[in-house]
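Please find one structure pasted underneath; my questions will follow.
Chain IDs A, B, C and D follow the sequence of writing; residue 1 opens each chain.
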Amino acid sequence: MSFPLLTATAVVPAVGAVATAAVPAARRAAAKWLALGFSLATLVLAAVQLVRFDPDAAGPFQLTESHAWIKDFGVRYELGVDGIAVVLIALTALLIPFVMLAGWHDADPLEGSSPNRRWRPTQGFFALILMVEAMVVISFEATDVFLFYLFFEAMLIPMYFLIGGFGDRAGERSEEETAAQRSYAAVKFLLYNLAGGLIMMAAVIGLYAVTADQLGTGTFSLQEIVQARVDGRLELPPVTERALFLGFFFAFAVKAPLWPLHTWLPNAMGEATAPVAVLITAVVDKVGTFAMLRFCLQLFPGASKWATPVIVALALVSIVYGALLAVGQRDIKRLVAYASISHFGFIVLGIFAMTTQGQGGATLYMVNHGISTAALMLVAGFLISRRGSRLIADYGGVQKVAPVLAGTFLVGGLATLSLPGLAPFVSEFLVLVGTFSRYPAAGIIATVGIVLAALYVLVLYQRTMTGPVTEGVRGMPDLRVRELVVVAPLIALLLFLGVYPKPLTEIIDPAVGHTMSQVEKSDPKPDVPVNEAEAAK
Amino acid sequence: MNPVNYLYLAALLFTIGATGVLIRRNAIVVFMCVELMLNACNLAFVTFSRLHGNLDGQIIAFFTMVVAAAEVVIGLAIIVTIFRSRHSASVDDANLLKL
Amino acid sequence: MENLIGLLVAAPLLGAAVLLCGGRRLDRSGPWVGTLLAAVSFGLGVVLFADMLGRSGEDRTLTTTVFSWVPVGGFRADVGFQLDQLSMTFVLLITGVGTLIHLYSVGYMEHDERRRRFFGYLNLFLAAMLLLVVADNYLLLYVGWEGVGLASYLLIGFWQHKPSAATAAKKAFLVNRVGDMGLSVAIMLMFTTFGTFAFGPVLDGAEAAGEGKLTAIGLMLLLAACGKSAQVPLQSWLGDAMEGPTPVSALIHAATMVTAGVYLITRSGAVFDAAPTAQAAVVTVGAVTLLFGAIVGCAKDDIKKALAGSTMSQIGYMILAAGLGPVGYVFAIMHLVTHGFFKAGLFLGAGSVMHGMNDEVDMRRYGGLRKYMPVTFVTFGLGYLAIIGFPGLSGFFSKDKIIEAAFAKGGTEGWILGGAALLGAGITAFYMTRVMIMTFFGEPRWQPTASDSGSAAGSGAPHPHESPKTMTVPMVILAFGSVFAGGLFSINDTFLKWLEPVTGHAHGNPPVSALTVTAATMVVLVLGVALAWARYGRRPVPVTAPRGSGLTRAARRDLFQDDFNHVVLVRGGEHLTRSLVYVDHTLVDGVVNGTAASVGGLSGRMRRLQNGYARSYAVSMFGGAALLIAATLLMRAV
Amino acid sequence: MSSAASVHSLWTAAADAPQKIPAPHIEYAQLSPTLIVLGAAVLGILVEAFLPRRTRYPAQLLLATVGLVAAFAAVIALAAGGYGTDKAHIAAMGAVAVDGPALFLQGTLLLASLIAVFTFAERRLDPAAHGRRVDSFAAQGAAVPGGEAEQEAVKAGFTTTEVFPLVLFAVGGMLVFPAANDLLTLFVALEVFSLPLYVLCALARRQRLMSQESAVKYFLLGAFSSAFLLFGVALLYGYAGTVSYAGIADVVSGTTRSVDPALASTSGNDALLLIGGALVLMGLLFKVGAVPFHMWTPDVYQGAPTPVTGFMAAATKVAAFGALLRLLYVVLPGLRWDWRPVMWGVAIVTMVVGAIVAVTQTDVKRLLAYSSIAHAGFLLAGVTAASPDGISSVLFYLVTYAFVTLGAFAVVTLVRDAGGEATHLSKWAGLGRRSPLVAAVFAVFLLAFAGIPLTSGFAGKFAVFKAAAESGATPLVIVGVLSSAVAAFFYVRVIVLMFFSEPRPDGPTVAVPSALTSTAIAVGVALTVVLGVAPQYFLELAGQAGTFVR
């Protein structure tokens, strides 16, 4: 058999995590560089995946690996990537090094805060990040429902420690209050997602029971189940299918997060350090939306169609609601969190619009949102780390003292409000068009989100960056080299993907087409068919 | 006389024993009530043995007695210890452990 | 040749990139770099123009597809350019006026330490605006459309330390976004209707599509136009936009960007021609706005705001003309061009005045400046004559044609529109005269000002002086434009012939002879001037504004339209968000925390059963046993 | 047992020739695990009697270890010999079954007990008294707490090495319990392993009052419940005329002819059957700590010496569930439609109550007690499946649970302050800062309890829920996942406490254990991870062991 590329991509960061955790307490710098090295190695592997991946190849999955694992549960160790997964893996692998660089000093222990010489927060921080990366990657690769579920759930634990263990230095609040807030956020994150996951577990078991009942042997292999459904060997009774679908969707909707299951996100993103917040919203949450595409739609097409109206409605609520709440926030990070909720609304909308543009756009959206949020949030983090406060009211006139910081912040903001020319615009417009062509009303309501996005971004920028320079901001240093190294590539990427997204869309398109065929949907036709020659012109 | 009546008696004794356990405070008495329940069982065994016309029940009764004896040994030991340390044999006095 | 189109856009884009990323070392040379690149793209424009003249009227259109931008399923968006006479006109206007204003800014901004960035933004604007007019499909146009929005946002808020500026910038962008919403919906409609949004197929196929769809598209496009071109009801941002440096007001908020709406409607003519309802909406908006703007312009004491009102009103004319269909397209564009000249000139003049007056903008504190800044006075005066439509000057030709066309609409409609246009001309004459008088005639009313603007330092009594060459030269050139452009265009309908292949033209014949219309125009013009003279020329202008009539007060407050927005949208929005934040915290999140709390409470209660009494444990066991038996028997019973 | 078996032979022989009683036929080899352990226990008594105090501790430890290891080896040998599968049969004249489940559970029990014995023998945690290292058991169980007798005992360096034989006796009983094939053997085995436990509970070195109280409670309630069980046995005997599982099962399924008319009055009388069955069930449910027979659990777990608690929590559950499975699958399969709904109810109540009440606990040991109740509920969910999958999943779950529990309680013994073990949760604050390793290990156990993927807890939970779902107990699965969500809360709470809150100045210290406890914890962690990541082998094992012999 060939080199197990997919396994390697997941194993390397895992090994890195162990290695990093093993670095002695004194050698903090070494641990950081080690972790960064491993994340870069992962990035290389992810790049190789992109290269080896052939968009036009037949069959849903490529680079597949398959080994027996837990026979009694009908579980196989099955990996494989389609156009959607490979792109998201690349995104993950790409963001992690930036997250690490951005959080380079976030986990340095305060003087005298370590009662024990074996207490190694820094090592822990970077090890946990790598662990999250490993789990996210493998859950993107898993084509076995159980395998996916395993890591979908397991990744909560390192995330939980990242949120609860490392927060901003207490600025405006007392140490105790900060700690209390932080652990509340962490617990809320864990329990919320765990509850979702457990409900999904029931559905997973149900799926096994059904397959065992109808196929003789229970299986979790996505391809097998899909194949069986296509052959008609597997006929889920509508009630069962819907119940199972809801079980899966609930977990993904919590992770995504979709209104009204979103309330953990603002707490988590608010209390966590900016890099961790990026990890949550740009990397981990993507697993939720990704899983909707891969599992909900492909395993339960019927139920998906059945649930579409409700889900579209929820997505619309998320879009508008999230944006409005973002406008009302007084805390920079919470604002970004609510903005993300709005954006996830767009993603879900695109997925369940069941059009090529919608789903392709949604996938592209996942990537772009990852990059843009990373840019915005990380710069916000740099800002906060300078002033030690997350309250918008504590800032003003930053633009005067730190023009570069302000500039990058503005670009990040403009990306967030999906300005044409920057990457998010392409995906957002695709989602809108895709939605509109099937549900015109929904498409129009969603466009309201564009205006609101402009509102919260510009209000944020105006309040923090413009106006007279306030106390506390005066003398604030501009971006340092390390910080520039983090931000500049992200912005470059935003520009590039905004102007030339074709490389990505070419990879994504076939996979989306496959998903569409699974749900037996095809794009609506225009009223006035224009002959190709003219359209090409 | 109908042997089934012995069954009723056994049930009665058993219930009395159980009730005793529930309502008496003194650990010793409570324990005696348990013994009473065991003996009620014995009666039942013997009666059934008679009804079925096989000896199993009667043999079992002996086993029960042995077990009861063993229980007495252990039980009294424990009760006496706690009595010595608490100067009270009331089961209600011992409630450090709760909630 | 095609490739030059790309360069046209690329040149200023390059400039923007260099200037914005270049860092401090470009601070000195920055302005000149920016100006140079603007000039380069003007040069390219000229070359293309020459080439275009070289070809016959029909095949003057250049199209080129650079690369495929977003191909997803049936959705194909390309980066492709289309340069025809219409685009060409805009290219020349944009690059020409743009270059002049770059030049002007070199002088105007010389004291600003952030001028490098200023020129970067200006170049960015040029690039976006050019992209807007040369794009060959609506999505790419949309990119330029929002691009100019961004540039105007950055430039209005250029003096970010002024909260008012920052707010104005934000407002402009937001209002524009509302318009953009319209454009994006229009594009979606096109996609669902035609399966594409490239100009060619959409406009050619327009006939085939149902009128309903077309009307929807048309209205959405109109919404977009209203946003960009500050038409009622989305006009409110333009006045505040005057917070920006004056060159910006001249270039973006007078000459070019605000006319994008007119371009959009003219470009989509085919759609509107097939959707009468949409057209009706367009003319209505145009007519209302031209009056609205004019009235507002009468009441403002801030010279730039007065001019802004005038801009609104003039664009109202253009929209009105565009709404009239083939009859009006040409004149709309023609007025657009002439207006580009004289309005830019007027703004530059205003800027020059402010430059000499420590950035004082209140006309009540001007007066008698003609002696101090002759060049400004002359050029401004010419611009003034042009805009009021003084016979022989640019404004006269273009505006007169529009009024005729309006009447030519025929029926009551025609009379209403024509009347409105006519009235507008009168009011225009009034407020422009007012501006002229208050600024350049009468007694000096200068006072020490505490100017908070960062562009020119110092306060105390101003010492009016003529502006440097870099500023006056562009003013002069523009003045020439505002004097002769109209005439040149009209000589045997050069302009008409030039545009006709693109927009088509139908000659409308008004119910009364053209001459009558012209005469009527003259009459109202004279009336307007006379009235203004009577009010401001004969008696001295009070330094503090008198309370004024109800209408005046209303006009000062933009006819309360802004207050309406504030009360309904802003306040309402704030209440909405605040209540939603509350809901999210107490209701949505409350449910979650509530569940947790209730579990905790339940736990606390159940915990008490564990009361530590062995006997109660025994009771529960006994009860349990009873239950178990009962349940078992029950199961058998059922 | 042997005598019990002879009963049957006596009666069967009595008909023709009462004078000569044939000796019962006992398969010693197949009973060897039990016999070895009990033998070691007896030797232990002799050691106590004859060896000088100095040498007792090492001797007892050695004896116990050797005995348990030998017994385990015997189990392996039997399993290898195929007694688990094809050669499975009933030994000792119908008294004891030697089959897959029996051997599997006996193996588990022996391993668990071995580890428990290690924790019993730990002597480095408590500060040395008068220069002598002491374990966690009272110097002299009989001495009055705080009395001068105790002082002297301590001074004299007495130690209660009797605990080792006691444990061995208990283990012996537990080995028989799941293998018992007639109700009498069941009852005797129950008492054999219960009585030593009562004593063990009373022997804590610290907080002896609590310890004694727990013993009294456990004893009284235990005796009470065994009385119920015995009465149930009597009724079943009355119903079937025999106490052997097979015999009863036959009568239930109506395959046997009634012996003679005299029986007609009782034989086949369902009331007897149902009530008797219910009472026997209750006796077993008491041992597994199922609601509403659970109330002793928290008190006893808290009061008993922690090593004993760990042993009880792990071993008793294994044994009791083994017996429960055998009873339900061998004796009462004919009554499935009667007992399954009832067990559903019990399972649901147990899961819910266990999870919910645990939320507000403030003492680690009580917390673990309630968690063990919740887990009993999950196990019951598997039991009710009434399918081979059900059996094997429960067996597997028992393995995972036993070792996680042992490990967890072993960790609890490490965290100490002046008053002995610091079991109040508030004292655990910031433990992660003081000693990351211990905290991390405990966190692993907690996550396993919570059933987080990649830990053994998840594999087990998945197995039982899967079995339940396949047998159509969907509501049970739903309640199960919901209550595990609730349960997750309090496990997470402990983790938060350990890692995210500042250490208290008066916080406890973490004692450095000897190799004994370290081994216990290490084994716990290792099995937690292995069973979590690669459970296949053990699942197969459980699967093969998943059939009872009739």
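The rule we apply is simple: a residue touches a chain if its C-beta (ideal position, glycine included) is under 8 Å from a C-beta of that chain, and two chains touch if they have at least 3 such contacts.
Computed from a prediction, not measured in an experiment: that's the story for all the values here.
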Chain at the geometric heart of the assembly (C-alpha centres): A
Selected pair, greater C-beta contact count between C-D and B-D: B-D
Inter-centroid spacing, subunit D versus subunit B (mean Cα positions, whole Å): 24
Subunit C and subunit D, separation of their C-alpha mean positions in angstrom: 80
Centroid distance [mean C-alpha coordinates] between subunit B and subunit A, Å: 65
Chain centre separation (subunit A, subunit C; CA means) in Å: 37
Residue numbers of subunit C (touch at least two other chains): 596, 607, 610, 612, 614, 618
Residue numbers of subunit D (touch at least two other chains): 216-217, 220, 224, 228, 298-299, 489
Touching two or more other chains - residues of subunit A: 191
Pairs of chains found to touch, sorted by chain label: A-C, A-D, B-C, B-D, C-D
Residues on subunit A engaged by subunit C in the complex (per definition of touch): 188, 191-192, 259-260, 262-263, 321, 324-325, 327-329, 355-357, 360-361, 397, 399-400, 407, 414, 419-421, 425-426, 429-430, 432-433, 436-437, 440, 443-444, 447-448, 450-451, 454-455, 458-459, 462, 465-469, 499-502, 505-506, 508-509, 512-513, 523-530, 534-537
Complex interface listing, subunit D residues touching subunit B: 4, 7-8, 10-11, 14, 141-142, 144-145, 184, 187-188, 191, 195, 198-199, 202, 208-210, 212-217, 219-220, 223-224, 227-228, 230-231, 233-235, 237-238, 241-243, 259-260, 262-263, 265-267, 298-299, 302-303
In the complex, subunit A residues that touch subunit D: 69-73, 114-116, 118-120, 149-151, 153-154, 156-157, 160-161, 164-165, 175-176, 179, 182-183, 186-187, 190-191, 194-195, 198-199, 201-202, 205-206, 208-209, 212-213
Residue ranges of subunit C touching subunit B (in the complex, touch as defined): 607-608, 610-615, 618-619, 622
Complex interface listing, subunit B residues touching subunit C: 18, 21-23, 25, 30, 91-92, 94-99
